[in-house]
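You will see chain A twice below: alongside chain B first, and alongside chain C after that.
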Partner chain A sequence: MTVLNRAKLFSILAFLFLILFLAIILTLFFGPAEVSLSLPELKHQFLALLKSEPLSKSGAILFRIRLPRALLAALVGGGLAMAGAGFQALLRNPLADPYILGVSGGSAFFAILGMIFLASIGFATVPIFAFAGALLAILLVLAVARTEGRLPVITLLLAGVVVNAFFSALVMFILSITSTRHLPSALFWMMGDLSAKSYSTLGALSLYYVPGIAILLGLSRDFNLISLGEESAEQLGVRVERTKLLTFISASLITAVAVSVSGLIGFVGLIVPHIIRLIFGPDHRLLISASFLFGATFLVLCDLISRTVIAPAELPVGVITAILGGPFFIWLLYQSREKLGK
Partner chain B sequence: MLEARKPAQSAIQFSPRSGKQWEKLPPACRPGGLGDFLRDFGKIIAILILLLLLSGLESCRKDHQAQKANVPSPRIVSLAPNLTEIVFALGMGDHLVGVTDHCNYPPEAKTRPRLGGLKNISLESVVAQEPDVVLATEDGNEPGFLDQLTELGLKVKTYQPGNLDQVLETIIAVGEELGKKEQAEILARELKEKQADAQAGLAGAEPVPIFLFFQREPLISAGPGTFANDLIQKAGGINLAGDARIPYPHYSLEKVIEKAPKVIIDVSMGEVGNAQEEANQYWSKWPDLPAVRDQRIYVLDQDLITRPGPRLFQGLLELAKILHPERFQ
Partner chain C sequence: MKILEAEKISFSFQSGTLALDQVGFRLDQGETLSVIGPNGSGKSTLIRVLSSVLKPESGKISLQQKPLAEFSKNELARKIAVVPQQTQITFSYTVLEIVLMGRAPYLKRFQLEGKRDLEMAKKALLLTDCAELSDRRIDEISGGEKQRVILARALAQEPEILLLDEPTAHLDLHHQIKFMQLLSRLRLESKISVLFTTHDLNLASIFADQILILDRGKVAGLGKPEQVLNPELLSRVYQIKLKLIPNLYPNRPFILPEI
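On to the complex of A and B.
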């Protein structure tokens, strides 16, 4: 395994950050509505936003609809990709994604319960329900999979898949007995929806992200050793069981937070870590953080497409991530057959 | 019960000549003794219970027939809420022996036997109602399901009104089917007059830009080809989502802000009590929108503008009043 030196690692991350920044700027200037602002006006509107003064129509469209939405896409995409990289390292399974261990089923079931039976309380209940459902699924998986203080990968995977299947069945049950009135919301939620959120939601989202992201970044070095095998890692001084438990909890929390605000956006968490691995190699010190940056860029651009391609209507962003991500991933895989075959 | 006893018998018959074996068994189980009697007695009891059950079923059937007699012919099953409304409007509500879960109007419709949703109606429950005619829609119901009903010998009639005039045609067609042609024609004439009144009141009025939505998150609106779009135009409005290319688009919020609707209509809430406050709350983020500034956010019953039945004309009138209050004082 090639290990990157520090300078190369930072230059790659800086490059990816620049791309993300450019992608967010790009999405500000594309959309179904016409926005014509000169540079001074733009600056004036931005300052007005910071002082929370009223904005002009164009200013509101730029800074109160497009910008929060782009930031939401970045946070969600980044979080999902990073969690995906974490799960792939934890399970040492290339098919792992953020939803593999029950988070998607648990959160979907509770979010849809909230949507259908508590719609009268207001829509703000859905994120709370989704988060609670994700936590419940995580705890359930953990309780089932943990044996004698250890977390064997095989029981973890099985418990996760079964819990997910069970909750998915409950979702289908609820959807098949519910009135058609709630179906569009539920279906859009399950395909991922990045509709405008307020800046305070974004603030709360990033706050919940911090511990999970910090833990995963801190564990990156250990992932490199664990990828050699749990026993070897143990001999090299890694506390493997503690690392696995921490990874499971922090990656699941990141996923739960992402799902609670945006529904189930597929593909990002699966393919972004693979893309990074195929381009830059398998060093987890880079993989974990680069997955965040590239996942963020990817979802920001997918969201741009989803809200412009059939404008003035919008597509669920999960449709775009799958349509774009699938073929791109296949192409990359085809290109790298020799590299992977070694 | 009989099946379960066989292995025990064969075990006993395994060595029939050994008398001692019999003695090991409790007296009640020995052949020809009390055991045989009890076993036969058990059979008799079982048969008696079976007969009792059968007679019970028979009486149930009689109850069912009695119930059937209560509903005068023709017995009608309606597989769509708009058709249920038409049947009631024609005064034939007493003939309904089956409706869907969505049939909520008039309130009596809720007391009729429910056969399922639109897409998951139980075939046998329809057949069990022994309807003389099944009323259905082409879009709402599964064609395969309706074919099955036809194959089972039921008379299935489908209706698919696509605009206001076709709703009137549907009313007359249903009326003819149910032998209520005269009432249907009267009803159609009344509704036509209601529409004419509304449109006469609107003559020369400046069309008002309006945004109407079915769902808040995501923001699902009424695109071209929907009844809501048709009604908005007929009620003197310009439907902002009319430029989408799909009937129920997830509409871009920035486009709503850009187009600045003068009226916003929220039909997402259904029967919730505080719908108006919630709608106001939701749009309060955009105080510069004309509709928000002028406090012209309204809440409307979704069924009035989506269900192609008699109440669509009431929906038209209400929309016209919302859009042009000065004309209907």
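On to the complex of A and C.
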């Protein structure tokens, strides 16, 4: 295996981008409604979309329902995978994931609070609530898991599971006392809801992502050095405490935004970085960005499965990711049982 | 030429334990200083203070006549490299990737390693007899090999000073001696100054130009092996009766327990 250089980095990222692009195109062809458009019509409809002109029925299904949905899945999947890679680097633990760490649960609870009690301020503020919840959850997990200044895998996972269960219960409680009318859709949200959002929602989501993604990319090399141990990283020039703080904030922000728009989708942040590491190696300067692209593809495809497998009905996408992720997590845990025993 | 100097440095932990109490020494270019002393005598703390991971409460450390605190983290990493006792590496990097991490202090934030960095890494791998390990995964090699790889990573930093914290603690006799001989060679070839801590008094005696004995954070002795290694002092520091065979090697006393 060659060392990472610019040519290798960009060709891998271009390859992953191509796969994502193809996956999004693929999903446009599937759905309960028949869509038949010739290529010139397709082009005409696409241009009409860009100019905000009215679309034909088929055009609207493609470009107002399926495409935004696919883009949403891509953004959410990419964000969760990248946040997962960030948490793993920071905690020096390949089993970390926003869902397993309870960060998603904390985000969800605060997002619900925001939605219910401050419905009037609109969507834009929900991610801020979710962000506060994410930070609270991760601080709680770290406080519980830290023993003698270290973060053993077992206590970390246990604390994460418990915090997640606790916040999920609070979410259910709030939902149950507020309105039974909304319960079915809320239940759906609890397992991941990627139903179509407007392009402006997608735009807002991307804006919230930008600082988080930029920071994680900027810290990529520090993550490599932190794999040698915090003290060694420090001796190699990394300002470890600052890096850790920024990573917590960025990964929590990304998770919070993803949860605010799509609810609880687990295991993406666990599976995706792991597969990238298996194929392309652990260098974070590739891993962080590659996880975004591959996570995007992964969730786009999971969403495709979730809305075709029992068509015309839909499954929450979190069901698919958990069905894939649960056994995967157990396999990883089984693989690392020797280390855990120590 | 003086390269590193500590004057009356003190450090205590949050618990209040005084780990270093007015410690001072001077390290010249190309010289090897060994720090010995019982468990808890402050050896590791000294390494952490010298590598600026911990800040001393009082006293002065100067690197090339300039206060240590005035160096940025990156500048420091280009001058001082540290080899810890043991390195737990989280992910499955290749040996070459690990060694290239030693180039980080020379790179800008988004800059990838270039040709010169690769050359330095390969040179460090050659020096440490690790060239053939280059493509192996770090979690697949033996403890002795791993310690050499970590040394190679430190050398890739092109440091002027190497600080090693019990570098041979987890190595068998063969690898202990090989590792120390490698250090001696490096010191001669590249004029690197070396400071290492050890529990092995004889290793210190054989390989060091100067020995610093720490006892509960205080300097109990400092000087050439034949001057500073005397049975009364060592017996007092280690609280066990020791005897000494002088000149087993020229000017290098050998220390044995008296049973």
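What to note about this one:
In this section, the second predicted complex is superposed on the first by the 246 of 342 C-alpha atoms of A that agree within 3 Å, B and C clash if a C-alpha of one lies under 4 Å from a C-alpha of the other, contacts with A are read in each partner's own complex, and residues count from 1 in each chain.
Assume a residue touches a chain if its C-beta (ideal position, glycine included) is under 8 Å from a C-beta of that chain, and two chains touch if they have at least 3 such contacts.
Remember, it's a predicted structure, so these values are computed and weren't measured experimentally.
Of the two partner chains, neither chain B nor chain C is touched by A:Ala214. With both structures placed on the common chain, the touch criterion links A:Ala14 to neither chain B nor chain C. Within the superposed three-chain model, A:Ala311 lies in touch with chain B and out of touch with chain C [touch as defined at top].
Of the two partner chains placed by the overlay, only chain C lies in contact with A:Arg6; chain B stays clear of it. Contacts of A:Pro32 after superposition on the shared chain: chain B is touched, whereas chain C is not. By the document's definition of touching, of the two partners only chain B reaches A:Phe188; chain C does not. Overlap of the chain B and chain C interfaces on chain A comprises no residues.
Taken in their complex, chain A has these residues touching chain B: 31-34, 54, 57, 60-61, 64-66, 119-120, 122-123, 126, 176, 179-181, 184-185, 188, 193, 195-196, 198, 307, 310-316. Against chain A, in their complex, chain C makes its touches with residues 48, 51-53, 73-74, 76-77, 80-82, 84, 87-94, 96-98, 100-102, 104-105, 107, 109-110, 112-113, 118, 135, 153, 157. Against chain C, in their complex, chain A makes its touches with residues 1, 3-6, 9, 92-94, 218, 221, 224-225, 227-229, 231-232, 234-239, 277, 281-283, 285. Looking at the complex, you find that chain B touches chain A at residues 101-102, 117-118, 120, 214-220, 223, 241, 243-246, 248-255, 257-258, 260, 270, 272-274, 278, 285-288, 302.
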